[in-house]
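For clarity, chains are labelled A, B, C and D in written order, and residue numbers in each chain start from 1.
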Amino acid sequence: MQLKGDRRLEAFRRMLRIRRFEEEGRRLFNGGQIPGWFHTTVGQEGAIVGASLALRDDDAMTGTHRSHGHPIAKGAHLQALMAELMGKEGGVCKGRGGSMHFADSSVGIISESGIVGGGIPLATGCAFSAKVRGVDQVTLCFFGDGAVNQGTFHESLNMASLWRLPVIYLCENNGYAMTTSVATSHGQPDIALRAAGYGIPGEIVDGQDVSAVYQSAAYAVTRARAGQGPTLIVANTYRFDEHNIGLAVSGEPYRQVAEVEAHKRDRDPILLYRTVLLEEGVNEETLATIEHEVAQAVTQAVQFALASPMPRPETLPDYMFVSTIAR
Amino acid sequence: MDVKDDTHRDAATPGPHIQMTYFEAIVQAQLEEMHRDERVVLLGEDVSVHGGGKLIECFGKNRVWNMPISEGSFTGLGIGAAINGLRPIVDISTASFIYLACDQIVNQASKLRYMTGGQIDIPIVFRCCMFSTGSEAAQHADRPYPLFMNVPGLKIISPTSAADIKGLMKSAIRDGDPVLVFEDTRLWPLKGDVPTDPDHLIPIGKADVKREGEHVTVVAIAGAIRPTMEAANYLIEEGISVEVIDPRTLKPLDYEAIKMSIEKTGRLIIVENGHRICNVGSEIAAVMAEESFDLLKRPILRLSAPDIHVPFSPALEKDFFPTRDSIVGAIRQLL
Amino acid sequence: MDVKDDTHRDAATPGPHIQMTYFEAIVQAQLEEMHRDERVVLLGEDVSVHGGGKLIECFGKNRVWNMPISEGSFTGLGIGAAINGLRPIVDISTASFIYLACDQIVNQASKLRYMTGGQIDIPIVFRCCMFSTGSEAAQHADRPYPLFMNVPGLKIISPTSAADIKGLMKSAIRDGDPVLVFEDTRLWPLKGDVPTDPDHLIPIGKADVKREGEHVTVVAIAGAIRPTMEAANYLIEEGISVEVIDPRTLKPLDYEAIKMSIEKTGRLIIVENGHRICNVGSEIAAVMAEESFDLLKRPILRLSAPDIHVPFSPALEKDFFPTRDSIVGAIRQLL
Amino acid sequence: MQLKGDRRLEAFRRMLRIRRFEEEGRRLFNGGQIPGWFHTTVGQEGAIVGASLALRDDDAMTGTHRSHGHPIAKGAHLQALMAELMGKEGGVCKGRGGSMHFADSSVGIISESGIVGGGIPLATGCAFSAKVRGVDQVTLCFFGDGAVNQGTFHESLNMASLWRLPVIYLCENNGYAMTTSVATSHGQPDIALRAAGYGIPGEIVDGQDVSAVYQSAAYAVTRARAGQGPTLIVANTYRFDEHNIGLAVSGEPYRQVAEVEAHKRDRDPILLYRTVLLEEGVNEETLATIEHEVAQAVTQAVQFALASPMPRPETLPDYMFVSTIAR
């Protein structure tokens, strides 16, 4: 299963939408127009888009505090996301969630957990429901290398294996959890190896290669949909920005400037894929058109967000309860 | 315990009734709701055995799932399933194990609907049972409901009669939001008349006056209803008439029912088996000291377990929780 | 905030002082205690970086340990180490992560000394910080101390000035039992005079009258001290004199100090940033409604965060917690 | 490293002390003289004693709700344990703990956790302390096959591996967690395989062969003491009694009567070792003397326990706090 034809352009488009959305968001954040904390996925778009493209529209997803990329990769509109960043009424979560919690249910995202590791059981349960109800929906579960050390990772993978749940565990392994490297927090640094303990396949893929990730994920999705159970995919990737924008880390640097620069230069998933597409015969104009469209979409999203009103104070309690009774 | 008063009340409700224990009523509520709605599934350790053998017979393995010992995640699995179309009942068994699931219940179940701006619903029930006076020792004898009272987004029930647990359990299962059910195991064997109507629902958030009286209002939480009713019966002979209120739902709590009673009696005692500090009694007392202050003739008294862990030794556990005598003493003190 | 009153009080304490922020005072307390007692170790995620770069410089890696993201177990690792001869400070960072560690803190740390009949001691400190008004959203903005109030065997501190956090943090580290430290991040930048005496200890369990007054007693919990002091300062011009009490220790709580104040004022308001139901304010109100009932001239008022999750949007979070104006309003209501 | 000379007799003696203690306890429990819940280790003595004998007196241990065997295996006196079962003042935990919580610090047990999986981080921390303080103490951590599915197992093994902590994780794999078999709760039933995910050795040993367990544990202890880090040992064993005494399991049996009977008949660790000892030339009288001594010790323990007073009500709060300040 390879990315083919227009799907290749879609992969390029979605990566770019994430990148431009976050670049614009970062600018607005630095300018004080976005409150809270701001974690970008810049550098990690290949892993996110590659995996998400392997899903059907009715498949489900869960993500993390680094949440911007997931809905965009799954095909979300940008307006409500940008408005959410600003805490506006028109935000996808009505201003209740913010940057870390881009759960956009219109594209099947059931949660983006600000609690590291907290989304892993939810994804497992989402897949459990599909199995119990006998539908062929698959769930894709994103989490970081740091989250792997949470008990929920272990407990969830065990249950998914036991009941052969249709779930793909996708580790965005960017090498660090805040300032802590995999080498200084994992007794054994090959995360994919942990899968064997639960009797499920575990594999490593180059997260900067969107089509490689797609291939891996598409295979796992096929297995899951066929009732053959979960897969753990570790996509090795890299975070170009600081853990969150504006974070000042005192003391010795936990990663060398040269390391970061080398990744930005040689391992940018969007630049790499652009080159691939050109080599594959896609012409420059096609890509330029996409780039232009993406820029426009981001601009429109900002306009929408700025124009959206703030939630009115009296709406504070809204959305706490559904308060309906099952029929 | 003398459940006479209660039985009378239930018998007064129209429609046919059947006698059963509190525990049987829980099992029946689950059975009926599982029959009614195929989205209802039961998850828990050894549930296929302990959850009443009947369940697996009736529904097979696709509706009744034995969980590995992974409380921190199988609660979350239930939450994810609830978001995605099921209506799980998650059995955490002993209440003291709920600490392992705190993150999923608080950070996910109670928050996600709000944090997503209402994009998702989480219709889920968490059940657990609270032991006492059986030498279970501290790691199996907690009553952790006060901890969850402080958490927005959760509903909490802890009814005390067979009819009430059945009606409230059914309401919980049909509710669209997360509901926690705390069952006092001392109530499990108690019998009562239970309506056979499969739509016998008791609304979440409504207290019940278990006994009417004039002189003092006693609010009894969960298992504390037993010694409270004993105390009320005991004092009747002395001409002291005690009004006993069972909130049944701990959150949202029916403050109005308590206020109405204080209007009559001017005296309030809260009896609870939970530890003393920041328990439901604290909250009731605080609300009444704010909102019914002028009606109160005397200080508000609270009886509860002390701020000490539950000991193993029967000699120490015997008088650990409020007893008929300690309640009688408190009532006398207020008159 | 105007911390004048407080600064005056501290300046009045004999011995040399130095100005520093609340946050610096915490770091200094840790540094000094680590110098003093080599059994004190610091555990937490990214602590070698975040815990103040100084720590790793001074003590090296054997005293400052970066934890994997495993709150459920590194808290337990701290407990095991405490039982076996160390005196760990476990940094849980954001308070909302403490739910992951509930089982170890409640079922192990708070219970084991009792359950072993005193065979072991657990000298451990759990630190965590509570965010607000910075759009952290519900999963990073909880104030979970009320949950732990109900748990026997834990001590809980949440002081509000630089001098107090230093003195109480040091007492916590030297204490032989588990102590939870809840730091309100809104207090971190506040400056105050801090005694340089390395044995500057403030006893756990003693409240401080942050400002004396005649007309009404306001108990302010943790970060609520800021708007409370503002309100008190504001009302002084109208001739309303407010007594402000900071319990500093939430458990065991210094009820005597509050009673003494009520004796004078007959009026009580409790201001708290925690959610409303079963919080520390509930407990204080309940105790006073029982034990100081006859001294109270007016109802006990409570201000707090509502029973709603903390929203992300600044527009909604702005007035989520008690403000100077809402406190002024409550005080006026009582007079 | 083999069990040799008198240590062999000690192994026999300790297994027997556990067996007789529990048989007597079960009798008293059924007779209503012991309150609460009663879980026996009958059938599992080989695993418990084999591992414990590999420790030095100053080494530490943690255990589980099935707690009787651990202190006895480590050399505890029986009186205070029997008194604890009855909730007496003379109990090892002063009547505050009871059957599930036989933490006897006189033999280095820091906790017996009634919370499944709850003791694993404590053992890890106990070993962590030894490492930080630079002492060569080792910690032995007992837990069941069911506990393996707790997040604490995963999180703790990872930390122990990362910092090469001197701890031995000993899984008493009796095949069941209450009524749930390993096959129906573990996605992959070979528990030892999970160790590889953390980069630590994992091995399986016959838990009914006390000397095999000893050998395995002694090797792990040597490694741990030499700073080479943790080991996971899975001792396959069997529980002869019901999960707890008096538990009535309704519905289909979760294990066949024939399975239980076969284990009692052919796989009793005490009978098996008795035969080995005789074959190795130990004479019958020596064993009979031990048997007699053990019976006497148990009788004395019961006498002590019965004679011990109940705790006085006014002592209820005792032992909640140490309330001393460090000097």
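Here is the rule we use: a residue touches a chain if its C-beta (ideal position, glycine included) is under 8 Å from a C-beta of that chain, and two chains touch if they have at least 3 such contacts.
None of these values were measured; they are calculated from a predicted model.
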I want to compare two interfaces, A-C and A-B. Which one has more contacting C-beta pairs?
A-B
Quick one: point me to the chain whose Cα centre is farthest from that of chain C.
D
From the C-alpha centre of chain A to that of chain C, how far is it in Å?
37
Dist(centroid_CA(chain C), centroid_CA(chain D)) in Å evaluates to 41
With centres defined as the mean C-alpha position, give me the chain A-chain D separation in Å.
45
Return the residues of chain C touching two or more other chains; collapse runs of consecutive numbers into ranges.
67-68, 70, 72-73, 96, 100, 103, 107, 114-115, 137-139, 152-153, 306, 308-309, 311-312
Two or more other chains in contact with one residue: find those residues in chain D.
91, 93, 95-97, 101, 113, 115, 118, 149-152, 155, 158-159, 162, 184-186, 320
Complex contact set, residues of chain A against chain D
149-155, 157-162, 184-188, 193-200
Can you name the residues of chain D that touch chain B in the complex?
35-37, 87-88, 91, 93, 95-98, 100-101, 113-118, 146-147, 149-151, 177-180, 184-186, 249-251, 254, 310-313, 315-317, 320
State the interface residues of chain A toward chain B in the complex, per the touch definition above.
60, 62, 91-97, 101, 103-105, 110-111, 113, 115, 118, 120-130, 132-133, 151-152, 155-156, 158-159, 162, 318-326
Show which residues of chain C lie in contact with chain B when the two form their complex.
72, 96, 99-100, 102-103, 106-107, 110-111, 114-115, 137-139, 142, 144, 146-147, 149-153, 251, 274-275, 277-283, 285-286, 288-291, 293-294, 296, 298-302, 306-309, 311-312
If we count contacts the way the header does, which residues on chain C are in touch with chain D in the complex?
37, 39, 41, 62-63, 67-68, 70, 72-87, 103-104, 107-108, 112-121, 123, 152-153, 171, 173-177
